[in-house]
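The letters A, B, C and D name the chains in turn, as written, and every chain counts its residues from 1.
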Amino acid sequence: MKNYQKIITKIYNDLKNIDDTGKIANYIPELANVDDTNFGIHITTIDRNFFGIGDSKKKFSIQSISKILTLTLAYQLEGEKLWKRVDVEPSGNPFNSLLQLESDLGIPRNPFINAGAIVVCDVLISHLKNPKEDFLNFCRILSKNPDLNYSEKVAQSEKSSGYRNIALCNFIKSFGNIKNDIDVVLDFYFYTCALEMTCKEVSEIFLFLADDNFTNQEGNRVLTMSQAKRINAILLTCGFYDESGEFAFRVGLPGKSGVGGGIVAIHPDEFCITVWSPKLNKKGNSYKGMLFLEQFTTETESSIF
Amino acid sequence: MKNYQKIITKIYNDLKNIDDTGKIANYIPELANVDDTNFGIHITTIDRNFFGIGDSKKKFSIQSISKILTLTLAYQLEGEKLWKRVDVEPSGNPFNSLLQLESDLGIPRNPFINAGAIVVCDVLISHLKNPKEDFLNFCRILSKNPDLNYSEKVAQSEKSSGYRNIALCNFIKSFGNIKNDIDVVLDFYFYTCALEMTCKEVSEIFLFLADDNFTNQEGNRVLTMSQAKRINAILLTCGFYDESGEFAFRVGLPGKSGVGGGIVAIHPDEFCITVWSPKLNKKGNSYKGMLFLEQFTTETESSIF
Amino acid sequence: MKNYQKIITKIYNDLKNIDDTGKIANYIPELANVDDTNFGIHITTIDRNFFGIGDSKKKFSIQSISKILTLTLAYQLEGEKLWKRVDVEPSGNPFNSLLQLESDLGIPRNPFINAGAIVVCDVLISHLKNPKEDFLNFCRILSKNPDLNYSEKVAQSEKSSGYRNIALCNFIKSFGNIKNDIDVVLDFYFYTCALEMTCKEVSEIFLFLADDNFTNQEGNRVLTMSQAKRINAILLTCGFYDESGEFAFRVGLPGKSGVGGGIVAIHPDEFCITVWSPKLNKKGNSYKGMLFLEQFTTETESSIF
Amino acid sequence: MKNYQKIITKIYNDLKNIDDTGKIANYIPELANVDDTNFGIHITTIDRNFFGIGDSKKKFSIQSISKILTLTLAYQLEGEKLWKRVDVEPSGNPFNSLLQLESDLGIPRNPFINAGAIVVCDVLISHLKNPKEDFLNFCRILSKNPDLNYSEKVAQSEKSSGYRNIALCNFIKSFGNIKNDIDVVLDFYFYTCALEMTCKEVSEIFLFLADDNFTNQEGNRVLTMSQAKRINAILLTCGFYDESGEFAFRVGLPGKSGVGGGIVAIHPDEFCITVWSPKLNKKGNSYKGMLFLEQFTTETESSIF
């Protein structure tokens, strides 16, 4: 087995003090308060070996990384019908763009841009009695971790400045692809974005995408193997907005970023790795996180290609 | 080892007589003359086992599948500088769209849409003394197959109706991203699209993307391992125009289609598979070819995810 | 002087029973309840001669025609600074499109598409103590007509189905070009759309755009002559959404339509004419209204060109 | 009658030495050689009074102003069928944009953007035996001026750098809306752009758009009155690309600009005015020309609104 601890330590040290040209996300006031020197990495392998370094056990706002979790639960509950509500194509546009919805008649290009994740939240609300509690519970059972929680502060902060997301939700509703009340959908969406986890926790909760035999705390599969693979496929083509191609090209793993500065990447049958560094490049993805993962897959030759 | 012959035979028989709702490409007159009942499959594994069925040894026009070959040679000659001329992002638009070039200032989104492949041809012309001969020679040495050739008829047919491609080339030149004469660039581009191969030949020529130890007829590597992986990554995110996400989702392999009805797909470290069936779905990809590969990767569990 | 009564009577009779291929607006429930056989015309000349026929004294929902009134008051209060908040260019897109706002960074193309009128309402709210009352009062004094009023039913109906407008308003706010609370802005906007007038009342209230010497009930000019001419110019280039060119081409007068089926047109120094017929063509403009005005300006040779 | 000579002299002197922030067109090499301090104005009234100042009798390249002339002849030859080939709507986009053609399936938005003028040239070629000679002859007879001619140098210069126009023409042909050979169409189009006239000659040749009783050298009407008015309408909504609304707003007359720095404006029943100053604003319209016309219509109160 590869000496992951040695490899991540080396890259961590290489990158810790480089000139980080990224900028911390400031459109959500609460995120702008985070110390931007945080830098943590954690790997969990499918045989449950753990390797961490830096701020890997500090909580951070996982933001859009939670879009994988809402998608997973919606896919479980709705099955293949889900894809009538949201497509699986890369958008070629920024994460919060409204452009394509107009010609696509309210069907978002994929579940990992804001428009798509809002539709996924709408699907969940139609299924769940208490969406916020039920979804949190799903996450806790999935990760065998009762400590997971939303940050109330971040959730409120998202709400107070979420004009673009309110616009998206109303726009989609004008096409009939939001079934529930806008306020309810957005409130739920903002909470899902406000989930907080450590690098360690993130790399544990997404093990179900790496390990074909994964079962949750209750001993159940979360998705069929085929469904899990399909989520990996969408992650690869759509996980980094209009930088998805670049991530596939440089890193070569399915993955997802959040504006909190976290990135999770999955090597099927091998491991799940999480990097957290708050400063973002121009496309909204962690500057140092992208660099770390590129060096990591190069040194470990762990691309899926 | 899996019994590929049995599996492809079964799926071939399942699909041979289904109602094919696709339409043969008719915008290139010469392609419209092809018998649309052709249906062939060929697999070549990295340890050089071969499995074929149907019309797997008939020549067909590989069309856009040749974009992988021009890219490969340009990458070999130009190295990473190549990516200043063409990006690696999915476009979210049809194969011959001019839309994004206007805001992207003449840098095509990726080398697998027409705009990108035309820029790649321009790069090759700047490097090669006799572009058409030299490129054909590269293909023959790559596949250890002296029989490969262009179809003169198809090349002429492309020229006579290639207004959209002429528009693309001039549009890009207006931004300065074509360095050579338009007529020379387009003539070369039309010839590369007019390469003819059998399913067997296609699955042999792309072995270098599946086999890390591949060498050509002269005993040389074609690309570094990292470069080969990167081409696979671009194939996965961009190989099927605005249906790339769907192909990744359903099939889960890097691949490329052509309007001649061919599709090639690569399973790194395993095999290269080619399907040919001329009738195309609305996105311009072989209707039966897509179905075949979906069933094939499902039955063999050979997705990279 | 031309015999307007004879001319409008003739055209009215010609068109009354033609096959009207238009469709009544149904996206605002309350509008769908209107009798679609209504057909009225009224002309007021600048020397205060009146000519009417058909349902010219029935109230109808003037809808987007009110955008001229909100613009006029905002222009009066804000002066030329107004044009920093909204441009004066035709959009080349449908009335409720969000597309251009993304590249134009939240500055609507003109005040006669929904996006622009919403920004104008925001400007008014910043100036007025009681926006709804003050604006209504402005309209009454402008037209010397104390009977003007909003339809509460229509205003409520707009609200209940105004997702696209809510999206527009939030989208613009995300760029910082809405200063007040979204709810307040939209409530005011929906009320302005719900103004009810007869053809006669409409052709009276817009006399200030035809008559250089116009004064309101209090004896005041509403705008300078130059400002009034500028509003006419914007009406000509932008009054009919993506059919503005067609209206200028066929009718040749500045004008504005509403989805209630009304159209007002102004001949500077001559008259103001209003036509009402509820069924709309595909671009959202009154089918019969367009036909009427084309025949009218042809027979009277009253184009401004 | 107004003292036009005094008024234009005053404004000419006011503007002659202002800081001109415009830039001379440099994408056509030959145009970049023009002395950018040229500044001329000429008015011709419908009763044939003449007023000129500055460089009003120097020849300049009228460029896109010639689009009115090609349209006029095509309208004369083709009648209302012409509008099946080209629309009359403002585009909301730059003069050489390809964007809308894709969704509009090859029908240009209007005859005053390059795409539309190229289609108009194609229509003319289908009607004329010797397009270049016949069109030049039409212009000479229209203006009673045998001296009009093309600049061979400019025509060649356009050709050598006209990639964007070649792209447009091929793109439109791919939709079937160009009927003749691309080379023939573009050669003719480039020549029409290369017409040279003085301010005086321009304001004479367009008198037919101001004077309802105009006849050419052979005593014939050029268009019906209704057709001439329609051309004025299209000029008002589309004559200045994506600055058309601004020109209508500031100047209030139908008009057309060219990248040679000329602008012609028409006051129906009054006069035709031409201004020439080579430095262009960001939208491609003469910086000083726009200023001159704004001041001129303000001082003479000659807006059509």
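Rule of thumb we're sticking to: a residue touches a chain if its C-beta (ideal position, glycine included) is under 8 Å from a C-beta of that chain, and two chains touch if they have at least 3 such contacts.
The structure presented is a predicted model; accordingly, all values stated were derived computationally and were not measured.
Visitor: Where centres are the averaged C-alpha coordinates, which chain has the largest centre distance to subunit B?
Guide: Chain C.
Visitor: So, what's the distance in Å between the C-alpha centres of subunit D and subunit A?
Guide: Here subunit A and subunit D have centroids separated by 55 Å.
Visitor: Report, in whole Å, the distance between the mean C-alpha point of subunit C and the mean C-alpha point of subunit D.
Guide: Distance between chain centres, rounded to whole Å: 32 Å.
Visitor: For this structure, enumerate the chain pairs that meet the touch criterion.
Guide: Every pair of chains in contact is listed here: A-B, A-C, B-D, C-D.
Visitor: Within the complex, which stretch of subunit A touches subunit B?
Guide: Touching subunit B from subunit A are residues 87-93, 100, 109-110, 225-226, 228-230, 232-234, 236-238, 242-246, 248-249, 252, 254, 268, 298, 301, 303-305.
Visitor: Any idea which subunit C residues touch subunit A in the complex?
Guide: 97-99, 102, 163-164, 166-171, 173-174, 182
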